[in-house]
């Protein structure tokens, strides 16, 4: 497993760049990961989505379903992709420090 | 619902003589009920069965299955009927102050 | 003229079909219990709802079952049916009676009960319908004095029943009546002293026509059948050929496996033995010409029951073929193993079929030491979800 | 001579059936990725186990799917397949190609990928098998420049597919290719941006022969059929009668509903229209003499899927008959309602069929505003456990 | 106190058999159906026994039993039996007695029949006569239905046997679940929870476990349970285990009709009955809606089935969609299964009839 | 950064059709099967198109695609298609080109066939070539099996079509669950739980929900899960959602064989395939046990089925008990269903074959 520097903090990441321990996530990590996902700057709108996902995960132990993300953030799927070009799973969840989505691909 | 005197305590009983509120059971109640079930005297052997049933009920909220009664008291069905001529359900459970067995008859 | 107290029920006295209202009125003439039962039934007809209270637990000394306790919910109005318990009397196998024993039953019930009966209950017992608590023990004592005993109720073995079988049916492949009687006698303790998770029923049919509906109505059906080839009497085939029976259309064409063929010129019928699945159809159509084979025995099934809780089951093949000779020890030993497994693993009010469904047929077969055979299923599983035991893998 | 590095795989080069090993070796000559893929496969053959790591989540800009991420678990040994992602390219309806477009695909994959492909994947896409992360976006850009787009993956609409249909099949009752293409185009967003509980597949067959196995392999099969009577050309019947086809045995006798009758003297075939269930059998046997009716449309089914999790389902009839004319708006509206209900109620990784099973067909029909009709079931329920809504009772 | 004489079991059936049966036990060769209700069984020995089958109402007085005993004494050497469908069978050993017996029976108003391709007696249950659980009466409906169908009992004119059964609640004591035509008492409203009594009278874990649809949750605050009414389909099983959950409701209780079951193995394997009519009201004393619904189904069957085809065999051949069309019974959401094996009843093919 | 050109969808198929198809689109009248692998479709207009079907290995190099493109250019005006079973179809508009095309194909070693009562191509999946989930390889088994069965591809000698499919794990990407003969990769040991990684890498609620038999419980102490090994039947679905539950096991993985499925509606409704052989070992490169098991089933079918009978139709006619007898495949506890609808497969009649 590779290590990566997140503003001083060395964290394990996997091949896709997901951090390996969701517990080590913080805002700096998010900012760094955002670069990979073609999100040069995390605006308030980005944070709204990232925080929603993060909180949902901490509460329920799972990533929210996309419909839930849209509903709770008041954004439609198009807007989500505008904010995160690589989409909610690869983009937003990664930035929010969640475990890598699996299964159905 | 009829009332019946159990050594000074007036308790509701149903048509079959089961006490209506298992919470009001005590040893006197047991002794009185035993008379109806042709158990003139509650011996230690009787109490072993009655207490087992009572405790099981308090712990699990249900009457123990007959196999369980036999296993836990070390008696076979014949011995149970010898002690309680009207059997574990009508006899022993009633004396132990349980709700009236229902269902499958 | 007095106005009728049962104007609704009175309407059921007319019409060609035998009237239970007439019967209740007949009993009511002699028995105040029967009278109040009639009165309360009229109330139900008026209000469109039942007037009996839930449950009731009464019985006779030494037994845990055989009596169904019942109390009116309108005892002020109908004091005679304040208690109105039913006694289940175990019928003789095949519901055969001599009139003397029937009269004895009537006399006992005249003395101790309402004079109302069901000949018979759905399980097969004589139902003595309605008496008061204090009469139960005396009625029981009188019954047993007269050679009768109570049937099953509660979480016990229920009264077994059997089709008329060898007593009057040429199709019978097993001695249904003896089996029924023998098992009933052997398992008196299981029948009278409920100790299992729930009820268990045994029914015995002499052949796959299953005239006691054992496959639908019992946990363990015993159904007579044969292992070899059905027998055809060609002379009788010719008689049928000359009658108005359409052998090709009504018999051969309806054989489910196309095991039969008919030569119309020779007027000969033949069967491909290995194709015949012993469904009885051709035999039913031509009883004089076709009969079961000679190597007779039974198929044993397991698990049948009514809908509560998990839905109804038809019983499942457990032993494709077993010889049935007294004392039927092999089957009795199997029963003991099955009951043991069920009693050990079943939840309250879980029929054995439901338990098999819950824990798996494989687990059940292992517990009762039966080998899986293809006859047990219509078809194998379609899902890929099966288990391997540690000794089968590396 | 150098010793082969793939002695096991080499054994699969011989034999008459086309050899994938030969193909991998061909690709390996040009592509180091293909070479390492071959090497790693040999390792799997030696060790009898897979050497790919679980999952991988990579993609292209703006899409949530279309790429299957894959990493080797032996990257030191096979560095060229450290990443070895698959791109799913949406096939043209019916898998029709002109050679120019095929060559374009090959050129793109020669440039950006391993040179290995599947023509086609099980869902129907062109599978471009194996490339590295940095090549994904450029490959995609080149593909879209050439008029190709990615297919579906993840919890999204999957690439629809269709049988050859009206392009080359006389049985086609609907324009499978247009439907497939039209729906694919209409639902590009649903296809490229996963947002549902799980995957959703649409397959289109022109008639009940179901040559894309839609009933087993898609959540919503669209199967062509007709509403009126099949058409018989008696002149052609006579030709068949004079051929070696046994019309009575091979056609009439095998009609599942005995809807056909054949007059051997007149050499005429007739059908009882109301008995025909449109199974295609007689048409398949006598394509020159029998053809579907003229009132054509489709049966829409729902719920088919592979075994995971609740077991496999074959799809269930949802709309017995619907006309299929562009722009297919009625069906598209229904799809929207179904997806909405599923998305609102489904759990993660719950296919729509599983959700219908869990919440009940009744609830589903109500939600998507379809009337229950007897064609939806083989037979009605046998259990007595059904619901009444408050407006139906007193 | 002495324990009474117990566990003697039923009388041995051998004491009950007429001599000709004892003699020819297990050696019957064939039978003939002399006319409706009258069978002749012939033994290998050449002996014969005649059976005259008479409709029983099952709920009878002891005087009725004495009546038939008198008849059996007169014609049958004191021997008779009952059938598995609660008919009475007079067992006649002396051929000369058959016609006189029939005459006397007819004269006294007994119905002779129920054999072969007839509607035999209706297997049924207690209903309001004795059971606390009943959603409808049993005997009353049976009487009303059979008054109308008597011609099918006394003749053998149907395509095949037609077995009608009735159960007054979903416990289905009549085991009606495999009948050609089944009449079942049903509730249509969830039980009302009597919180006060429930905690005392009932075992809460048992109540919860009793529910097939997991509609019952514990309600610790009330020391009782809560019913999720949306999941309740009124089976009454919770009431079976707990009197504090009354479910009877005069306004909504009624009757459902199921069809197409069988238990014999002739030609086809046993089949479950399936829902035809989800609800008909309780209209004592003569349940006209039920009577005419049953009659309609029987007549459509009688008219359309092939000879030899049981109800279920006929429907499976013509298809259920056709059954609904021919009988004019509306197909509703109720007919579509949503219980455990629902998906196995869904149609997985675009082939069907219109 | 500009978003690339997206959502253009696939190329319109209309660009891909040969002119004769464009002209006669939707107006085909009938077809003839000229010989194995060669079809002639005739339009209302009288026009005809000839199809020559060639076996594809599916896993092909771009050079292979270029090869067949060359052939299509030469004989088909640059038009070809693939079938739903991954064969290649050369679409010939000019009758005169058919035989030369066939000659060239044969000469180059292509196999022509797969039509009508043949074994067509094996629908299959990735296996060890690309999928992390595979319990066996796909292409290798297909190659080994088909090398043996080629005569059934190039002729039309079977009683009916025979569709073989293969999936390398229970996800069944080949949707093999309705094939005449299905080969499925299976595991036989529960996954091993990597507690260390599980809590971090996986969503515990998702893992628990993934298990069809509810074998997975939370293990809060380890911040992980515990598997009740007795309930695990090795489906691998938990691994699908969680990499920390590896299930592959070289010693125990292998192949199962299911038979008797179909999807067409001709004569009979679609059917699921059913378990024939619970386990055969993984023996690369040529899986001799699998090959001979498949061959045996095919040959017994070929010999015994009536003309026109698909595998499943044949078995349902002769009975499964007879199928096991004829093929010599042992019937075991594995064959008896114990999943959700198990009871619907149990035999509810004493009628069966020996």
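Some points to look at:
Note that the chains are named A, B, C, D, E and F in the order they appear, and that numbering of residues resets to 1 at the start of each chain.
One rule holds in what follows: contacts are C-beta pairs under 8 Å (C-beta built on N, C-alpha and C of every residue); 3 or more make two chains touch, one makes a residue touch a chain.
Since this is a predicted model, take the numbers as computed values, not measurements.
Taken together, chain C and chain D share the touching chains E, F.
Shared contact partners of chain A and chain F comprise D. Comparing mean CA positions across the assembly, the chain most remote from chain F is B. Taking B-C and D-E together, the chain pair joined by more C-beta contacts is D-E.
Inter-chain centre distance (chain D to chain F, centres taken as mean C-alpha positions): 12 Å. Centroids built from CA atoms put chain B at 63 Å from chain A.
Chain centres here are Cα means. That of chain A falls 33 Å from that of chain D.
Residues of chain D found to touch two or more other chains are 53-55, 61-63, 68, 189, 208, 215, 256, 278-279, 307, 311-312, 314, 348-349, 382-385. Residue positions of chain E touching 2 or more other chains, listed in rising order: 1, 3, 170, 172, 177, 206, 210, 212, 235, 240-241, 243, 265, 270, 272, 339-341, 343, 348-351. For chain B, residues touching at least two other chains, in rising order: 38, 62, 85, 100, 102-104. If you check each pair of chains against the touch rule, the ones that pass are A-D, A-F, B-C, B-E, C-D, C-E, C-F, D-E, D-F, E-F. Those residues of chain E whose C-beta lies close enough to touch chain C in the complex are 1, 3-13, 15-17, 21, 25-26, 28-31, 41, 49, 51, 55-66, 69-70, 72-73, 78-84, 86, 88, 91, 110-111, 123, 125, 128-134, 137, 139-140, 142-144, 146-147, 150, 170-175, 177-178, 206, 209-212, 235, 237, 239-241, 243, 246, 248-250, 253, 261, 263-268, 270, 272, 282, 284-286, 307-308, 339-341. Touching chain E in their complex are the following residues of chain B: 20-23, 38, 60-63, 85, 99-100, 102-104. Chain D meets chain E in the complex at residues 208, 215, 223, 225, 227, 256-257, 274-275, 277-279, 299, 301, 303, 313-317, 320, 353, 357, 360-363, 365-366, 372-388, 392-394.
Only residues 53-59, 61-65, 68-69, 71, 82-83, 153-155, 189, 193-199, 343-344, 348-349 of chain D touch chain A when the two sit together in their complex.
Contacts from chain C toward chain D in the complex involve residues 307, 311-312, 382-385.
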